[in-house]
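After this come two complexes, each holding chain A, first together with chain B and then together with chain C.
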Partner chain A sequence: MTEKDGFSERVAGWLDSRLGLSHPLLRPVPQFALNPFYWLGALAVVAFVIQGVTGMIMMLYYIPSPTQAYSSTQYIFQSVSNGRFLETVHLYTAYAMIMLAFMHMMRGYFVSVQKNPREVMWVVGMLMGFVTLGFGFTGYLLPWTVVSYSATHVGVGMISALPQPISNLLNFLIVGSAGDAGELLRFFDLHVVILPAVLLVLLAVKMYMLEAHGVADPTSGASAEAKARTLPIFPDVTVYLLELSLLFGAGMLLISAFFPLNLPAEYSALTAGQSTPQPDWYFLWIYQVLKVSVFEGGGGLAAALSVVTLVFIVLLVLPFIDRGKTRELSRRPVYVTLGLIFVGEVLMLSYWGSVTPGATIPLEQAALVIGGTALLIALVSLAVYRALYSRVRGRLQTVPAARVSRTEVRSGLAFAVLVAVGAVAIGTLVNSVVGIVLSGFSTSSGELLAVSAGTLALDVLGTVYVIYRLDLRTGGIRRRVKAFEVGWKG
Partner chain B sequence: MTSDDVPGDAPGTDTDESRREFLKIAAAASAILALGGIASVMKAVIFPSIPSSTQLTFPRVKVASVDSLSIGIPVEFNYPLDNEPNYVIKLGTKADGGVGPDGDIVAFSDICQHLGCNWGYVAPGGSPRVNPSYKAPGPVGYCPCHGSIFDLSQSAKVIGGPSPLPLPQVQLEVDGSGDIYAIGMGPPSVFGHNTGSSNVNDDLQGGTLVSITSETSQT
Partner chain C sequence: MRVSLLSIQVIFLIGLQVTSLVVLWLMTPLSQSATDTFALYLGLDLVAFCILSYLYRSMRNLKQPNGVWLAVGYLFIIVLLVSNLALG
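Right after this comes the complex of A and B.
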């Protein structure tokens, strides 16, 4: 520092020298990581901070007792300055946190970050995900509205289907023996004290491991030179993260301002008997599984919960199941397809659950839809793999896989869409024929038959047209058919 | 610490070794004690023993009066615990277990035996708000969560939906002045109280019993 430095430089210099800001304390971040997809987890943490701030303000007013929970929530909505906005931001940011955590997990899965040496990071991350869902579950009860109370009690009611020792322990931990008051207080304590503390500890453990292992390299395409280009955590990465966080925060505030919440009615047994409670969207896929007819009635609930628990256990120990060494997308068709099926099923079941509140799903229908979704995704995924990557290992190595032309990608996608539409049309056609055979002809089944047959015909025509156009332009089909033949035989 | 400071504690000397041994034993002993303590607490939580000496009995609580009830309008009351809703309903036709001059006043736990939702009353020929296509063949309880249907004129027999058991019926008694009292619960046990058990004494565990004063003020 010299005499000529201006005031701001002198302040910055003083801060730097006293606080050690530019001291290279943390591992530098590779330049390729300045991409929002690398910071989904960080944004989830930002959402958590927003939750903390808004939650602490609401704690000034909220009273966790069955008689006052609703009225104090109503007070925040109606009388606290910007209280409704506060509640809205808290809820929407919670949604964003769950969504970001899910995206963070799935992105990690598809690029295989969970492989050596980051297996334990994945496990800790999954635990953080469970805690995040726990926030959702415990927070849902607190306003004591008719939906939140009833839905939470369905969740709590499931405890009784578990084996006695486990249900005793869970009852002790989250229900207690002091009726509604004791239960609400436990939910509140979990929501504002215990879960945040657990999450922070897990976060610290995970950040420590991130510091040890660094950001995972891209799966392909980055040269050693590109991987070596790094940026210091301060100021470059810090500024980048601040920008990203502010953008995210501003987005949340805007959405909250435009779509403010309405507080539903207060819980009472009479109002509860007149409305169907549903869990919040992040539990809808579980809700839909529980509604399949085979899981209703004695012992069925325990079976359904076992299925759901198994899904969570598989997610938790995933790095020890998928032990393949390679991280490249093109070389992991099976695991990538399984991941796509998981995402597809979760989305499908959630949507289905949201449109069929309270309705029991017949087993045949559930098997058809769940199995159909899996089959469809598997077929499309494998077809795309064939189209994009078959030549990598096939004998016709005319073009390297990395340089698949744009036309080919486009035609591959067009085919995928046509195959998907065709599969749905065939499924509907078979379904309507079976329906007519089993229960006789009716107007609706006739309509279904006509529509599905028409769609199938159009789909076939479309396919023929695409094939014709492609061959006319590039002769690609002939080449592709050849590649397929070689691929199948090889 | 160096050997110059305290010669006796130099690494590798006998004193040092024995001190280490002592610390190891102390640490192991405390760990065993701590684990034992945790285990005993966990055992008490996971396998609770309910003392039989504190056997509770069902309270006798006023829930309504014959004059105050009109046909098809359910009245809510908590019983036997202070957070467990029930309905007392005058059905208009004679019902199993019914009391009152026409034998048509019945009361049931409002907690569905399937997953613990609150069901709603549907009059004969009516439809629940959540399922307008359903027409009740008689006075029924309809659970909005998963569509369990209970025939209230036949002790809440399950006539539809996934509920594995009928609703627990509240035992009622009418005194000379027309006041209706809840005096007990019939089997099965209320949902959440050792669900599926037929021992109605389970209903009295796990919360605070209603007090007579709070109930009389409510009706």
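Right after this comes the complex of A and C.
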């Protein structure tokens, strides 16, 4: 600091010298990371902090008992200064936190941050995502409105369909044996004590690992020069994050002003029938899967929950499934397409769920819509990749370019069709098995079972064959079957 | 004395922050419209502070502030002011 420094520099210098902010406790951040997409997780933490502050103020007035939960919430709305504002901001930052966590996860997926050496960081991040969803689930019940009560009990009702040890644990954790009063108290405790504590511990672990590994390079790799251009955490990166946080906060306030929260009616035996049980938007995609006709009933519900659980497990252990070393989007068409299908299905199912509250979805319709969405995204992705490869081919003049033959394109299309047919066959097979288990064997169910099983078997064989043909170009297959290579021009 | 555009911006933004803080301090937001006004003035305060932070960071790195980002920031301020009129 010199005599010529401006006022702001002197203030920053004073803070730095007294608080030791620029002491190299945290590693410098590469300049390329000053991009909002690198800070989605940080913004989710900012949302969490806003929720913590607003939640602590509301906690001064809220009473977690079935007889007083609603009236105390109403009191916050009507009589506490800024009460409605606090409630609205608390809710919208919760929504933003879930949205940001999802965007952070999907960005990480697409740019492959989960690869060596950040596998455990990904797992911890996923656990933080589950805790965030837990916040949503437990917080929704607290106002004790007819909407929140009925929606939460849809979720609580699903617990019984889970395997015995898990359902016992969850029943103990969130339901208890003291009826509504015990349940509300447990939800409150989870929401304000246990989940925040777990999230903070996970956040500390993740931050520690971030310090150890640093920010991931861009997917195309960073030159030594780009890596060397770093910025100190204070003041540059801190001020940048402050700017993002302020913009985020202002955006939340603007939305809060335009869409203020209104408290629905209180839950009671009389009002219970007035609301169609429907979870909040972030669980709608799961709920829409459960509403498919094939999953109705005890066994079906368990099957649907297994499907949803499988999706979460795959996401959790993704770094141990996607072991490829390359991180470039252009060289990961399968994983990128699968990611796009996942995002597309989540968006589509959420929207579909919002427009069909309480309606059972026929299996054929579900298969068409879900399969159709997947197929459409796969085809668009395939077309984009093909266009990208064509551009790259055009640029590479001296190097013999890899040519995608018609056979390969046909095989790729056949693969997409086979995946869609396989999805329908699996759905029908599950439907017929569940039908036989629940209603006993009949000729029609037996025929359906045989046809779907046969279709699936043929589909699997066809898929293996197509994959074999697609792999011929790479030479990855050691034992080749000449009879399978009719018409192949590699 | 030469007054730069930067100085004018800084004075304007600090003035905006002070004004919004005074409004926030004097309000008793219990009604819906008062709550909206409170949210929008607080938003105004945050955006003004955000632009000030951006100007500080640019100055520190001896860079000219990006006109597009500044325009976005001031547009946000206008949106908040107009929203205040519309909802008030």
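Quick note on the criterion: the second predicted complex is superposed on the first by the 368 of 490 C-alpha atoms of A that agree within 3 Å, B and C clash if a C-alpha of one lies under 4 Å from a C-alpha of the other, contacts with A are read in each partner's own complex, and residues count from 1 in each chain.
We take it that contacts are C-beta pairs under 8 Å (C-beta built on N, C-alpha and C of every residue); 3 or more make two chains touch, one makes a residue touch a chain.
In this text, all values refer to a predicted model and were calculated from it rather than measured experimentally.
Visitor: Output check: A:E296 vs chain B and chain C. Expected answer is one of first, second, both, neither. What do you get?
Guide: In the superposition, A:E296 contacts chain B only.
Visitor: Using the touch definition from the top, say if A:G440 reaches chain B (first), chain C (second), both or neither.
Guide: After superposition on chain A, A:G440 lies in contact with neither partner.
Visitor: Tell me which partner A:N168 touches in the superposition: chain B (first), chain C (second), both or neither.
Guide: First partner only.
Visitor: With the two structures laid over each other on chain A, which partner does A:S8 touch: chain B (first), chain C (second), both, or neither?
Guide: Only chain C; A:S8 stays clear of chain B.
Visitor: In the complex, go through chain C and note every residue touching chain A.
Guide: Its residues touching chain A are 28-30, 32, 35-36, 38-40, 42-44, 46-47, 49-50, 53-54, 56-57, 59-61, 76, 79-80, 83, 87.
Visitor: Where on chain A is chain C touching in the complex?
Guide: 6, 8-9, 78-79, 81-85, 88-89, 235-236, 239-240, 242-243, 246-247, 249-251, 253-254, 256-258, 260
Visitor: If you look only at chain A, which of its residues touch chain B in the complex?
Guide: For chain A paired with chain B, touching residues are 66, 150, 153-154, 156-158, 160, 165, 168-169, 172, 177-180, 268-270, 272-277, 291, 293, 296-298, 301, 357-360.
Visitor: What part of chain B is in contact with chain A in the complex they form?
Guide: Residues of chain B touching chain A: 42, 45-48, 74, 76, 81-83, 85, 87, 110, 114-121, 128-131, 142-147, 161-162, 164, 191-192, 195-196, 205-208.
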